[in-house]
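Consider the two complexes below, in which subunit A is the common component and subunit B and subunit C are the respective partners.
So, the complex of A and B:
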């Protein structure tokens, strides 16, 4: 359990610094179980900050969304830092962005939270349907204590956690300036069980499955917007000249988009699961990401978002990379 | 219909080795299947996976990428980078149910006209066996 008072204190301290513009964290949302991202510009704002297993968002997107309007003559650029509250997986996103030089290390203040697993909002909605007014969820003795309208039920974590948390190897942030609470050692191991099982199917079955999934896509690009690592100034699907992927929503363009999205995250995806969480059509995007993650672990012995000093996977090579597929 | 299926293959050949190798095959009058449509690129490292997916969308049944032998790249490291990219792309295609043999990569140097002809023969035969690419061909032509 994270001590919320300690978090509030840390946020207050950080916002009070002269060189910090704002801190982004979580607050309790308006309805039901919701928790929403929130900003603290002044020390008083830190009162609303919380952390609970409902804080599912990856706030590493916010430093990348920072608008930089052109400066007026004689105007000094704003070089203040941004504070971010991160879980274990989110901190890996920040490490990966720093590795790609998308962000300077000294432009962010990272408030790390050792995380014991968050919930999957879709699973929670299924278990407790309807718009509930007063709902709370706490992490108590390795179970989620769900309080709905005053009644508390304990649900085992496996039932409510998303797949990414069940195999989380980095519960404690990899990189942080301030850590709230104690470090947690991971006891879980990524075994790619789902991927391995799916791989064994014949090609025809695989395509049948993905055809159905890609056909559902409405190309809202929520997966791209929620992803902390999709921060290209102009995404290839927005490009008009040349227009690689057309605007029409059909199987061909949807497949192209989904394959290219997965490929563009090769060696960069830190499996925070934001794409899948934000997908309104429930496309299992994480399966594609996990597959690539598994392959690059096997082929290149590389893991994204762990070491900020390393070079990005596809920008480097080894002379003895696998090449059995080459004629 | 009843006609025999003739595969449509797009070849991205590197200007310095594979393209010259194809040229040598031509000037040496070596026979190879006419199914390969060649697009010259300056380096195999120029081949963005978006090109491959786009070719498959627009009616190609297969894609062949030709580069210099490792260590011989005109730009020193382009072919190494392309090799990594294609290794990942092939795994991704296989996972989504598209035969990875539709995307092939080869090292052909400027002196290997015979090898180039053999590679094209092999790739054409492979793709002939796989049949037309119908997974995500673009339907609207406008």
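So, the complex of A and C:
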């Protein structure tokens, strides 16, 4: 359980610094169980900051969404740092982006939260449906304590957590400037259970499954925009000359988009699950990401976003690489 | 208006009758998501969900619409598209039906869009009243809209227990239900009473409300207000809110071809995408997310009311339900009404 007062204090201290522009964290949302990203520009803004298992967003996306409008003559760019509140998985996104030189380590102040698992909002809604204007959810004695209209129910974590939390190996941020509370050591191990099971299916079944999923895609690109690692200045899917993916929303183009997205994140995806969480059509995008992650782990013994000093997978070369895939 | 009664156990027969003469589209479940699809049997429908995730506007204003086909090269041949297909949209909710009436202004007032108009003419809207509105439903915030309003529908069914109370509001509806005397019996005064009770119950269930009084005029005064920047800061810039919105209607036109065949298509576009307003010169009049987030609200609550005297929001709540960062149009508009200019 994270001490919210300690968090508020850390945010206040950070935003008070002369070299910090703002801090991004979480506040209570507008209805039901919602939490929402929020920004502190002044010390008093820190009062609204919270952390609970409802804080499902990966805020590492926000430094990447920074807009740099053209400057007026004589105007200096604002080069101050951005403070970001991160969970374990979120911090790996920052590490990965630093590795790729997409972000300067000096330009972020990382407020780390040792995370004991968040909820899957879709599972939560299924379990607690209906007109919930105001609700709370806390981590208590290794269970989620869900309070709706003053009535508290304790639910086992496994029932409400997304898959990524069930096999999380990095509950404590791998990189931080301030840590709220004590470090948590993980006892969990990624076993790629879903991927392994899916691999056993005949090719025809696999294709049928993904055909049905991609058919639902509406190409809103929420998966891309919510992803902290999708920070290309111009996404290949938006390019017109040449046009890599057509604008038609049909199975063929949707498949092209979804596979390209997954492949562009090969060796870069840190499994925060934002793509899947943001998908309005409920496409299980993490199953694609996990398959690629598994292949990379097995082939190159590489894991994305763990060490900021390391080179990105696609930028390294080992002379003793067995290169078994080359005939 | 004709008021009739359809026994609940006769609903499959009613649907089968409709399928005989029309292409019938109804809410179906597709891997956990409710969408409107063509059905061939009544049991393919799923009427349990309050609303489909994907809006039924897509059946009249398709996400990808082929305008015409062609063969490339010097001896190009052009093939037009047949739009005469008769459609019935069954199970559309009153809010989604209103959205089609809102789209009518954009596609048939100043400029007559032949594709939309033809499809609209050939489509009969057979609605189903909402008896269980969801948390983010707020249709009652607009005019005299209710979850059981037949105003924008050709036929409306309301679940009143053992029967559906059937309102046939116009000629289109009459034509559709003609010859179904076996299934549709005249309704009594007591049935209307039951419908009104159910309607009132549904109205009372709606717990979130948006303050829309004088919003259009207020927005004129707060274009430069810092609140827009504050809201836009957490926007990740995806197109979920606009694509799922039943009244959003922007599109892009492209020619897509291979060596032997091609088509001019029209696809939904979204004002949340920076490319949407990017000029050929490289200049972008809406360069930042602030401009784009504000535009979505202004288009619905200021520009549309000014042009067509109706707010371009029906209160379906889809953009609130599915926004990845909880940008909440009820909250945004209410705040806009409260801030000092």
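What we mean here is this: the second predicted complex is superposed on the first by the 317 of 327 C-alpha atoms of A that agree within 3 Å, B and C clash if a C-alpha of one lies under 4 Å from a C-alpha of the other, contacts with A are read in each partner's own complex, and residues count from 1 in each chain.
Definition applied: contacts are C-beta pairs under 8 Å (C-beta built on N, C-alpha and C of every residue); 3 or more make two chains touch, one makes a residue touch a chain.
Everything numeric in this text was worked out from a predicted model, so none of it was measured.
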For A:38, is the partner it touches subunit B (first), subunit C (second), both, or none of the two (neither)?
second
Identify the partner contact of A:236: answer first if only subunit B is touched, second if only subunit C is, both if each is, neither if none is.
first
With the two structures laid over each other on chain A, which partner does A:277 touch: subunit B (first), subunit C (second), both, or neither?
second
Who does A:255 touch here: subunit B (first), subunit C (second), both, or neither?
first
Determine, under the contact definition given at the top, whether A:29 touches first (subunit B), second (subunit C), both, or neither.
second
So in the superposed three-chain picture, is A:263 touching just subunit B, just subunit C, both, or none of them (first/second/both/neither)?
first
Who does A:288 touch here: subunit B (first), subunit C (second), both, or neither?
first
Touching subunit B and also subunit C: which subunit A residues?
246, 248, 250
Note: in the complex, subunit C contacts subunit A through residues 30-33, 35, 53-54, 63-64, 134-136, 205, 207-208, 230, 233-234, 236-240, 242-244, 252, 254, 256, 265, 267-268, 270, 273, 275, 287-289, 320, 322, 324-326, 328, 330-331
Contacts from subunit A onto subunit C in the complex sit at residues 29-32, 34-39, 57, 61-62, 65, 67, 69, 130-133, 212-213, 215-216, 218-222, 224-226, 238, 246-250, 274, 277-278, 280-282
In the complex, the residues of subunit A that touch subunit B are 195, 198-199, 203-211, 214, 236, 244, 246, 248, 250-253, 255-256, 259-260, 262-263, 266-267, 288, 291-292, 295-296, 299-300, 313-315, 317, 319, 321-323, 325-327
Within the complex, which stretch of subunit B touches subunit A?
49-50, 53-54, 57, 70-71, 77, 80-81, 83-100, 104-107, 119, 122-123, 135-140
